[in-house]
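Structure in C-alpha cells, see below.
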Amino acid sequence: MTGPFLKPKRKNPLARTTQPLLPPQARSRKAHGLTLAAATGRFVLQCCGECGRYTYPAREACPNCLSSDLTFRDAPTGGSLLSETQIEVTSDPYFREHMPWRTGLVQLDCGPIVIVHLHGGCGGPGSQLKLSLQLDRAGQAVFFAKPVLEVPHMEDDPQWREMTADPRHRRVLITDGRSPLALPMAQALKKAGAARIFVGVADRWKPLDQQALLAAIEGVEFVDLDLTSERSVQELAMDIGAKVEILVNTADHVRPAHLFDAGAANAAREAMDHTVMGLMRLAQAFGPVMRSRGADGAAGAVAWVNVLSVHGLSNVPQFGVHSAAHAACLSLSQWLRTELRPGGIRVINAFTGPLDTEWFQTVPPPKVAPKAVADAVLDGLKRGLEDIYVGDVAKDIEARLFDNPKAVEREAGQ
Amino acid sequence: MALSRARQSYDGVVLAVPVTVPYQRFSIETAHWWMGKALRALAEGAGISHRDFDGFSVASFTMGPDVAVGLTQHFGLSPRHIDHVPMGGAAGIVSLRRAARAVQAGDADIVACVAADTNRVDSFRHLLAGFSRFSQDAVYPYGAGGANGSFALIARAYMDRYGAKREDFGKLCVAQRDNALKNPNALMKKPLTLEQYMSARPIAEPFHLFDCVMPCAGAEAFLVMREETAVSLGLPFVRLLSAIERHNAFAEDPVQVRGGWVVDRDELYGMAGSAPDDMDFVQTYDDYAVISMMQFEDLGFCAKGEGPDFVRHHTFTIDGSFPHNTSGGQLSVGQAGAAGGHLGLTEAMRQLLGTADGRQVEDAKLGLVSGFGMINYDRGLASAAAILARAS
Amino acid sequence: MSGDILSKFAGALASGAVRVVDLTHTLSPDFPVIVMPPELGQSAPFRMERISRYDGGGPAWYWNNLSFGEHTGTHFDAPIHWYTGRDLPLNSVDTLPPADMIAPACVIDCSRQASEDADFLLTVSDVMKWEEQYGRIPARSWALLRTDWSKKSGTAYANLTADGAHTPGPDAEVMRWLVAERDIIGFGTETIGTDAGQAGHFSPPYPAHHYLHGAGRYGLQCLTNLDQLPPTGAMIVAAPLKIQNGSGSPLRVLALVQERSTG
C-alpha cells in the first residue's frame, strides 16, 4: 500500500546532491510506437490489420498470421495480474537507487502478456488492473498498472511519482505573471500542493492586473523576471535557480502583422525576442541547474512546461508572426528536451488554440479559457504527459495534422 | 501435411573426453582464452592434435564480435562441420544432437563441442541489458532485475498454482550444495542449511540469495564421434540413446508452467527404450530450483503440479533416492554463461564413465540430462533433453 | 587643524582615554570555515607551513608560508563577493576607498535572544526599538549585531545539523531597510557569515549578501569582543588586504572606544 507523500525535510547542505540517473533507454525503433502514445496519454498496442489480433512486444510480423500490417491502435486498458515480484537487487544504477521495485506480469483483456511497473496499491495475482503507457525518467514508454478502483494516496506511490511530474511539495516558477494564464496556473498549482510558486514579473513598476489575486494565494512570491533581458533571467536563476523543480513558461507575445507590412519584421523580431529568445534565455539560466537536480530528493526537479500555440505546428495567416515564433519555440523545446533528458527532466509542451483574451478578440469561438490551459497543464504534470493539446481547436488541429498535414496547410485562413 | 516420420536412432554415436576448465568468479581473460584451454584439454584427453577435430561446435555469449568460423583461425582448426549454438542452457544438448547427426552421416568424424564464457566485473550487466530485442524493449526497463526478475514471476505463478513452497526449492538447493562439496570445481565451498537458505536476503521475491546462480567464467567441452572412432583411439565413451529439443512451445500459456519437453518426452524415452524410473541420476538445468521442479514434471518423473510433492518425498543427494545434479549444478558450481548448458552433460559423462570420484553414483548405467534456456521475453524458449548410457 | 585632532587622539590613546578593542579572532587552522554543498567549490581553510625557525632552513630567522581562502577567520566581504555587486565600481578589496575602512559603529545587542534561539532573526522592529533608546543609526555607520556567538567554539559555533547551520542573523526586510533607509556602510556579525544559518531559504536567499553588496556595502563576520563596545560611539578600523580583484580577506578589525569617565 502507498502512504502519503509527506513534505520532504530541508536538504542537508553538507550532503552531496544525488546525481540523476536514467532507467534503461535502449529501444527498437518499432517500440517507439508506444512512445508516441505515451507522450499524449494514449494506450495503444500493435494490432494486426489482417487477423485483428493485438500483439506485444513490438515486432515486425504478426505471430498469428505473419502479416506485416501491424499498426499501433488504441487498445482496452484492462488486464489481470498473473504474477508479480519485488525486485530487491539489480545491476542497473538507476533502479539500484529505487529498490525495491514492484513489477508484474499482466494478461491484457485484449490478449497480450505484458510486463509492467506495478503500483503499490495493486492486489496480488488475480487482481484486475488498469494499465497506462507512461514515459519513464528516460522519456521512454513503459506500461504501468494501477488498481481499477482508487486507493488512498494513489498519486503518491513512489514508482508512479517516477513516471509523473506531480507538483505536490515542489516549487514552481511561472515565468510571466502578466500572462492571463498566470493566475489560474498559480491557483491550480496551489490546489495540487505546490510548496511555493514564484511568479516572474517584468517591469514591476507597471500595474499588474491580477496582483492582489495572485498575492492572495499562499506560497506565491513575486520575483523580477524580464525574459527579454539576459541579465534579469540570469540574476533570478542565481537567486532561485536551485529552488525551481517545475518551470512553467507562460511567455507569449501576440501582435497581428501582415507578412507584407512594412513593419512586419519589427513585429516579428519583438515577438521572437519575447518568446523564442526568452525561452532560450530561460534554458540557459535554468536548464543546467534543473538538469543537475533531477534526483535531488523525492521532490527534485522534474518538469519544464512550455505553453505553445497550436499554430506553431502549422501556420495561420491571421497570426503569422505568432505562428512562426511558436514554431521556433517548438523546435527549441525539442532541443531543450534532449538537453534536459540526462537529468530526467521532462519537457512538456501544451499546445493551445486561441486563448479567450484581448489579443485573440477577433477570433471567432471556440476559444480556450485560461483556466482550461492551467487545468490541462496540471493534468499533464500529474499524468506525466509530454504533448498536451488543450481545447477543441488544438485537438482538431492535432487530429488533422496526424491525418494530413498538407490539408491543414491548404485550409489555413479559410 | 505429412506427419513427420519416425526419427532415426543415434546408434553408434558416442561422447568422450568430458572437459571442465575450472571456473573463476571473475576473469580478466576473454571467452577465447577459456575456449583455448578447453580445446587443448580435449586434444590431450583424446591423445590427438586439435587439428584432427574435423567438427567444431561452439556456444558462448561473450565471444563477440567473433563468429564460429573466425574462431577456426584463432585456434588453428580446419573443420568440415561447424556450428554456433547461441541457445544458453539448451546449447549443450542442441550441439550434441547436431554433432551426432554429423558423425552418423560421415560429415565429420570428431566434433569438438565447446562452451565457454568469461565474466568480467561489469560484463554481466551489459549481457542483461542487450540480451534480446524483446528483453531490451519490454523487460529490462522494468526494474532491470535480469533473469532473477523474470524467473521470479514464473516462480511466483508456479507457487500460487501448484502450492510449491520456498522450503521445497530450498530442499533442492541444499542437496545440490551437499553434492557440490564433493566437487573440487564447485565455486561454492561452504555447506548450506535450509535455515540459511530461508533466511537469506531477498533478491526478487520469491527468490532469495541461494535461489540464484552465481555468474562466473569457465568452460565445458566434450567430443562426439562414432563408436569405432573412439575404439580406434582407445577412448572410454558413453552412448547417446536419445535426444530431443523444442522451442517456443505452449506459447498460449499465459505464464510459463511447462517447457517443450512435454511435447517430445514420449519420443525421448521411446528412442532410448527406457522409462523415467530407469534413470540412475538426472541432471536438470537448474538456473532456478523451480525450473528443476518443472523438469521433473515435464520429463515424466511425476505429473504436472506434483513437483512439490515429488520433492518432499525424495532425497536428491548423490546417495539419495533421486540423485540429481550430482556436480552441485549451476546453483553451487557456478554459471559460466553458455557453459551452464554443458555442465550437466560433462557431469553425466563422468558418472557413466565411472570417473566422478567422490561424487560417483553407485553403478550408474543410465542418466538423463536436460537443458533449458533463452528467456527472450517472459519465458524460457528452448528446452532439450538427452539420455546417455554407459558403454556396456 | 588636523594636526590638533590627531595629536589629541594620540594623547587620548596614550592616556587610555581611548581604548583599542581587538574584534578579531586568532587566525588558526582549527577556526571553522564556511562549508558549501559538496558539489560546489570550497574555501581553503587557514594553513601555515614553516619555512624556517632558526634552523637549517634559516639559521637566524623564523617565518612561515600561509594559505587560506579569502573568507576565512575574521574577514571582510567586498561588494564583488555577491552577484548583486558584480558590476559596481570600486567593488573589490583592492579598489575599496580607504576612507571606508574607518567608520563609526552601532552595536545592537541581541545576545539574550540569540542565547534562547539559535535561529534568532533581527527584524526592523528590533532595530527601531534600539533606536528609541540610542537614537537613529547615523548614515555610513557599521551596524554590528551582537549575539555573543563568538563565545562559542568548534561544533557549537558552526552549529550544523542535518538541515544546515543554525546561527542567528538578520531577516531579509531588515537588511533591505538598513541599507535603503539607514544607509549603513556595512553589517557585522559574530557568526560565520553576515547572514543567518538558514538564510538560503529566505527571499531573497542570503539577504545580507544580496542587499549589502548590491548597494556597494560591506560585510564583517566572525567578529569577537562586541560585548566590550558601547551601543554607539565606537570607531571601527577595518582594512582588508589589498588583493587584486579580491572579494574579501581576513583582516584585523579594531574598535576605538572612548572611555566614559574621560567624557
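As written, the chains take the letters A, B and C, and residue 1 is the first residue of each chain.
In this text, a residue touches a chain if its C-beta (ideal position, glycine included) is under 8 Å from a C-beta of that chain, and two chains touch if they have at least 3 such contacts.
Remember, it's a predicted structure, so these values are computed and weren't measured experimentally.
Engineer: Between what two chains do the most C-beta pairs come into contact?
Structural biologist: Top of the contact-pair ranking: A-B.
Engineer: Computing the C-alpha centre of each chain, which chain sits at the greatest distance from chain B?
Structural biologist: Most distant chain from chain B: C.
Engineer: What chain lies closest to the overall centre, CA atoms only?
Structural biologist: The most central chain here turns out to be A.
Engineer: Roughly how many whole angstrom separate the Cα centroids of chain A and chain C?
Structural biologist: Centres of chain A and chain C (C-alpha means) sit 48 Å apart.
Engineer: Measure off the straight-line distance from the CA centroid of chain B to the CA centroid of chain C, and report it in whole Å.
Structural biologist: Using C-alpha averages as centres, the distance is 76 Å.
Engineer: Which stretch or stretches of chain C touch chain A in the complex?
Structural biologist: The touching residues are 35-39, 83-84, 160, 162-165, 200-201, 203-205, 210.
Engineer: In the complex formed with chain A, which residues of chain B make contact?
Structural biologist: Spelled out, the residues of chain B in touch with chain A are 124-125, 128-130, 133-134, 136-146, 148-149, 152-154, 156-157, 160, 201-207, 251, 254-255, 377-378.
Engineer: Once bound in the complex, which stretches of chain A touch chain C?
Structural biologist: Checking each residue of chain A against chain C gives 9-17, 221, 235, 238-240, 243, 292.
Engineer: Would you mind writing out the residues of chain A in touch with chain B in their complex?
Structural biologist: 23-24, 26-28, 30-31, 56-59, 63, 82-92, 94-95, 100-105, 107, 113-117, 125, 136, 138, 140, 142
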